[in-house]
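I've put the structures underneath this note.
Each of the two complexes below includes subunit A, the first together with subunit B, the second together with subunit C.
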Partner chain A sequence: MQRSILSRRISVLFASPAFIFIALFLIYPFVSIIFISMTNRTLVGATAQNPDFVGLDNYIRLFEPSRWMNRGEMGFSLYITVQFVIGSALIGQAGLGLLIATLFQRRKGFIRELVFSLAVAVWIAPDVVVAFAWFAFLDPFDGTLNAILGALGLGQPDWLLKYPLLSIIFFNTWRGTAFSMLLFSSALSSIPPSYMETADVVGASTLQKLRDILLPLLRPYIATDLILITLWTFNTFTPFLLTGGGPAYRTELLSIYTYRTGLQFFEIGKGSAIAVIVMLINLVLASVYLISLRSRPLEQPSD
Partner chain B sequence: MLHKSLRILGLGLLALVLASGVLVSAQEPVEITITGTASGAGFDWLATVVKPLCEAQLSDAGMPVTISPVEWVGSGDDFRQQVVLDLGVGQGGDILNLDGFWIPEFVEAGLVKPLREVAGDAVMEWDGWDQIPEGLKTILGFQGEIYGIASGTDARVIWYRADLFEQAGIDVPWTPTSWEDVLEAARTLKAAGVEWPLQLNAGTSMGEATTMQGYLMALLGAGQHIYDFETGKWIVRSQAILDTLNLYNDIYNIEELGSQRFQLAQNGRDLSFESFSQGNTAMLVEGDYFWRSIVVPGGNFGMDNRDEVVRFAPMPAEEPGMGYNGQDFVTISGGTGYSLNPNTAHPAEAWGVLACMFSQESLEGFNELQPRIRARVDVPVTGDTTMSAIATEILPLTTIRPPLPEYNRVSAEAQLMTERVVSGEMTPEAAMDAYATAVIDIVGEENTVDMMGS
Partner chain C sequence: MTLILENVHKAFGAVKAVNGFNLSVADGEFIALLGPSGCGKTTTLRIIAGLETLDEGRVVIAGKDVTELPPRDRDIAMVFQDYALYPHMSITDNIGYPLKVRGVSKADRDSRVAAVAGNLQIGNLLERRPSQLSGGQQQRVAVARAVVHHAQVFLFDEPLSNLDAKLRLEARAFLKHLQREVGITSIYVTHDQAEAMALADRIVVMQSGEIMQVGSPLEIYRRPANTFVASFIGNPPMNLLQCTVDTGQSIIQFAEELAIIRLPENSHNTIMNVKPHEQVTLGIRPEYISIRAEPSATTIPGKLYVIQNLGGEILVIARFGEQLLSIRMFQEETPELPEQVWLDLDFDHVFFYGANGQLLQ
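Moving on to the complex of A and B:
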C-alpha cells in the first residue's frame, strides 16, 4: 500500500485552478452556445433584447430537406467542406507531404534545405500576407499563374470566379503541406536503414519496398497526420480572405457559413445551432483520433 | 534656522505641486473619438475643420476635449458589423458615423438611444435644430425619436461618359426614357469597342450597394418597391421582380453588356469604378457619392477630366409612366449621419462636439472641401452645378427604403436573388421563388404578398 504524498483535499485544491479555467472558458461557452442555439436570438432587431425559446426549430430549419442542398444552406456547405477536406488535406497536404518526405529521405544538401525551408516559411506566414500573395498569383489579367499559362498557350481562366473551390483547395494544399512533410520526414528517419538495405539485397522492387516496409511502419504516423489535418482543415477560415465564401456561396465552408449566419447576418441563434453541429462533428473526429492513439501499440508490427 | 527655512521651502513646494495638480486636472481634456468615417472629404472635414474648430469652441465653453477622428478602412457593411459587435458589449467610439437605414434594427436591439436620452436637455436646447429640415431629421430617426444628425441626403442616377458616347455616335446630352433605350445605348457602345458598357450592381459582395444602386433602381422602374407602404407587406413575387431579374439576365448573361466578374468578385465594386474611370465602362448606376467621392480628382478612382466627360441621366422606368407611383424616372435616397454612442463616458462633451460639428461654421468648412447639400438650410451648396442639378431635378422623384428592422435581412435576400441570376445558378423564376421562401421565413407569411396570383 503506497500512500499518496498529498491528501485528497490538497490535490483537489491544486487541480482547482485548471478546473475553474476549463469550466470558465470551455464548459460555460459550450453550454451557453447550446442554450443560445435553442432561441431565435439575433444581434440586431427586437429579438436581440427579447429572444424567444424556440426549442429545436433552428436545427429543424437547418436540416429541412427542401432546401438543405441549396447554395448558402447547411447541406451545401457541408458538401463543400467535405470536398475541401478530401482535396486539400487528405490528397493534397498528406499526399504531397509524403511525396516530398520520401523524395528527400536520407538526403542532405541545398535542394532539400531549400524545399523544406520554403514549405515551412509558407506554413508560418501570416494569413493576410499569404492572401495578398495569392490574389497577385491568381489575378486573371496580371497574375503570375496566368502569365505562365498564357506563355505556354494554355488559356487564362479567372480562377477565383470559374474554379473557386479548386483554387482554395490548391491554396490550402500549398499552405499546409509543411506539417505532413515534417511529420513523415521524421517518421521515415526513424526506420532503420538496414530494413531497406536488406530489401535491396533480396532484390525487392520499389513498389514492394513501399508496400511491405514503408507503409506498414508509417501507418500510425499517417493515421495521426490524417486525423489532425482533417480537424484543422475542417475548421479553417483562411479561404475566406480569398473568396469570402463566394461567388454565390461556392466556397462557403462550414466555418464561413457559421460566421456569416451569426456575425454577418447577426442570426446568433441559428449560427449557434450550426456551431453546435460543427462541434459534434469535431467531437467525432477527435474521438477517432484519440482512439487511434490508444490502439497505436497494437498497430506496431510485432516482429 | 536653516532647518526651518528648508521646511518652509518644502511645504511651499508641496503646496505648489498640489495646486498645479488641481489646475491640471481641471483642464485635462477628455478624449472624444469619432469612428466610422472613411478617408476622403468626410474624414478631411473631421481632421482639418471639426478638430481645431470644436476643440477651441468647447475649450472656451469650459469643456476641454481632444477630438480623435478614427479613419475607417473598409466597406459600410463592414462598419455595420463592427458597430453592432461594439455596441453589443458596451464599447465603441463616442461619436459614430451611422447609415440611417441601420437605425430601426439598432433601436429595437437597444444598441442606440435617442440623443436626448444620451445627452439630456442640452440636446433639446440646441439652436441648430431650427436650421435642419424635417426630412433630414428623420434620416437618423425612428418612431418619432432622433438618434443622430444627418450629414445630408443623396440620390441615384445613371452616370455616363460623354466622350465614349460621342465616339460611339450617341447624342449628348443623353436622356433615355425606357430600359430599352439604356440597353440600345449599351449595344451601340459595345459595338464601338467599349468592353463592359453598362454597370448595374448585383450580387452579395457589394452588399447594400447592390440593393440601392442596382436592384431597387430597376425594381422602382418596373413600378414597384420592395415593400408595399400602403398595406404594410413585403412583395415576394411579382411581375416587376421578374422584369428586374430578366433585365439583369439580359445585361450579364444574354447580351453580356456588363461584366459578370464585377458582380461576383470580392472587390467587384472597385473593379467597376476602375473600369468606368479607364473608359471600359460607359454607364454606371450610382448615387451622387460616385461624383463627390469616387471620380472626383484625387478620389479613389479620380478623373482629372471629370467635369468635362462625366454626366448624369435620370434612371428611366421600364416604359414611360410605368415607374413607381406612375413616374417616368425613378430614384431612391438614403443618408448617413453622426450619432452618440449610448455607452460614452462623456455624454456632455460628446454632444458638445456633435453640435459643433453641425454648426454653420463647421458645415461651411465642409462645403469648401466638398460641395454638397448639407443638413442645414443656412449652408448653401456652392460651386458645383452637377450637385445642384441633382438636388433640383432628381431629389423630387425620390423614395426611401422601408424604415423597418427587417429591412436588412430582406435586402440581403434580394442581393442573393440577383447573384443567383447573374451567376447563372438559377433562372429568374427560380431565383424569385427562392427569394419568396426566404423572405416569408424572415418576416412571416402574413406580412408578405404574392402578386403572381398562382
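Moving on to the complex of A and C:
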C-alpha cells in the first residue's frame, strides 16, 4: 500500500463536505422512504397529517396476485420496463453504439464528425426540448415521419397511439446511443492497430476478426456499458414527456408508475413502496456491476 | 520467392512518403530497409503487405501482380514492432492463429505449433499468456506465428526495437540464423544501421521517400554513394570536409584556408574525377585517419578535443576549424596526445562528393 500524503484527520476534513451532502440527499431520503413505505401516508387529507403505521400492507397490495399483471399495476409496469430496457438499452443503444463505433473506427473526416456530433448533441439536449422535437416528428398529421412515409406512399399511423412502446424504445435509443458509441469508440482506439493488421495479413475474414479478436478484447467494456445503460434506462423518466405513461398504461415504466401512484394519486405510502422495490432492483444491478468490475481479470480466459 | 517493387509512389496529403521506389529482390534474399524516422521505410513495407494502398506503381510477388490484392491473398507473414500478440489467447492459440483462419484442424494445428515452438526454444511457454512472457520471448512468439504457415515473403517492422541492447544482439543472431534455415525472402525495416549491417544481404538506404543507395552492407560501408549515406552509415559516420581541388598540381585546399594538402605522386587517381576548383566534399572514415606528432604532405592540423576509450578501440575527437573530426585507433591503451595534433589522411580511402552530394567517380 502506498502511504497517503495526507494525515487521516486532514483526509476526513477534506472528504467531509461530500459525506455531508451524501448523507443529506442520499442516505436520509433512502431511509425515510423505507419508513414512509410502511405507512398509509397520503399527499392530502387526514392521513397526510397523521399517517398510520401499516406494516407491509403497501407491499402486499403491490404483489396482490389477482391484479399483479393488470394494466396500471406493478407487474404490468415491470413487464413494460423490462421490454423497454432490453429494446432501447441492450439492443438499441449498445448495439447501435457498437455498430457506429466499429464503422468509424480509425476513420476521420466529415461524416464521422457529423455522426458523432449529432449523437452527442442529442444526448446532452434538455429533456423537454427533445420531447417536443419528437412530438413534432411523430405527429400523425403534420409530423416529419408521416410526411416522409406519405411521400413514399406508405401508411401514416398515429405512432404514439398505435405503437407507443415501440415509439419510446426508438426515442430512447436515439436519445442515449451517444454514450455507448463514445465508450466503444474509445475502447476500440485502445486496441493497437497492429492487432487487426496482423489478422488481415494472416488472412482472417471480417467475421473471424470480430469473433476472435474484437469481441474478446471489448468484452470488459461491453459489460461495463451494458450494466450502466441498463441502470440508467431502468430509471429514466423522460418517456413520460412523450406519452405520459399511456395510452392505457401501455408505456407506464416503473418510474412513471411510481410518480403516478405517489404524486398523481397522492398515495405517498404506496408510491414509496414501489420506489423501495425499484431501489432494490437497482441495488442488485449495481452490485452485479461492481462485482464484475472488481473481479475483472487482467486477461480473459480463452474459449 | 522473388519480390519486385516497380516505381512505387505513395503520398499522405502533401507528404511524399514513398517517391518512385524500385527494387527487385531475389528468392531467399534478406533485404533491410534502413533510414531515419519518416524516411518511408515502414510505408514501403506496409505497401508490400497490402496494408497501405499505393498511388502509383506495382508490387509483384513470385511473378504475380498483387498490387490490387488484399493482404490475405498475398501469402506473406509480418512481424510488427509491438509483436501484436493477442492478450486474450494462449501462446499456442497465438502461434496457431494463422492456421486457424485457414481452417486447419485443432490437432494438426497444435502439432505444427509445437514443432515450430520447439525449434524456436519457446516450447515450454505454450500454455502461458503473452503478458506472462518477457520481451525477448514475446518477440520469438511473434516470429513463430510468422513462420508457422509457410508464407512466401517475411516482413519485419522493426521487430527488435522494443528489446534491450543485450537481448537485441541475441535476437539478431537468432533471426539471421532462422532466415538462413528457412530461406524465405525477407524484408526488414530498421533505423538501426548495426542491425541492418548484421542481418541483411543487401541494404536499401532511404531518405524522404527515396532510395539513396542499394548494396551489400560492405559496399554501403566502403563506398557510400552520397553524403547522406556517408553521414548515416558508420558509428561514428564518415568525416566530411569541404574543400577545393587543384587537379593539375594535386593540391587540396580546405575551406577557410585551414590547410593545404599536396598529394604524393602515387595517389593522384583518387582526385582525377574532381573538376578543377570545384567546391567538393571530402569523405574519410575515422579509421583511415592517423595521428602524427609532426606535419607532413598529407596532414591537416587538429586541436585535441576529447579521447574516448571504448575498450578495444580508441575514439579521438579533434577540432579542425569549426568542425569535429573522429579518428579511430585500434588499441587498448589510451594514448597520451599533445593538444596540437597532425591528422594524416589515407588517400587510398578518400572519396570526393560533388556539390549535389553524389560520389564523384
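Points to keep in mind about this one:
Assume the second predicted complex is superposed on the first by the 276 of 303 C-alpha atoms of A that agree within 3 Å, B and C clash if a C-alpha of one lies under 4 Å from a C-alpha of the other, contacts with A are read in each partner's own complex, and residues count from 1 in each chain.
Note that a contact is a pair of C-beta atoms (placed from the backbone, for glycine too) under 8 Å apart; a residue touches a chain by one contact, two chains touch by 3 or more.
All values derive from a computational prediction rather than experimental measurement.
After superposition onto subunit A, the modelled positions of subunit B and subunit C are compatible, with room for both. Contacts of A:192 after superposition: subunit C is touched, whereas subunit B is not reached. In the overlay built on the shared chain, the residue A:29 is in contact with neither subunit B nor subunit C.
In the superposition on chain A, no contact is made by A:55 with either subunit B or subunit C.
By the touch criterion defined above, A:150 reaches neither subunit B nor subunit C.
In the superposed model, subunit B and subunit C sit 150 degrees apart as seen from the Cα centre of subunit A, a figure rounded to the nearest 10. In the overlay built on the shared chain, the residue A:213 is in contact with subunit C alone; subunit B does not reach it.
Residue contacts after overlaying the shared chain place A:45 against subunit B, while subunit C stays out of touching range. Put simply, subunit B and subunit C get as close as 52 Å, counting only Cα atoms, in the superposed view. The intersection of subunit A residues touching subunit B with those touching subunit C, taken from the two complexes, is empty.
Those residues of subunit C that touch subunit A in the complex are listed here as 49-51, 70-73, 76-78, 80-84, 86-90, 93, 97-98, 100-102, 129, 131, 145, 149.
Residues 81, 84-85, 88, 102, 105-106, 108-111, 203-205, 260-261, 264-266, 405-406, 408-409, 412, 416, 419-420, 423, 425, 434, 437, 441 of subunit B are the ones that touch subunit A when the two sit in their complex. Of all the residues in subunit A, the ones that touch subunit B in their complex are 42-46, 48-49, 61, 67, 70-72, 140, 158, 160-161, 242-244, 246-248, 263-266.
Subunit A makes touch with subunit C in their complex at residues 192, 194-195, 197-205, 208, 212-213, 216-217, 298-300, 302.
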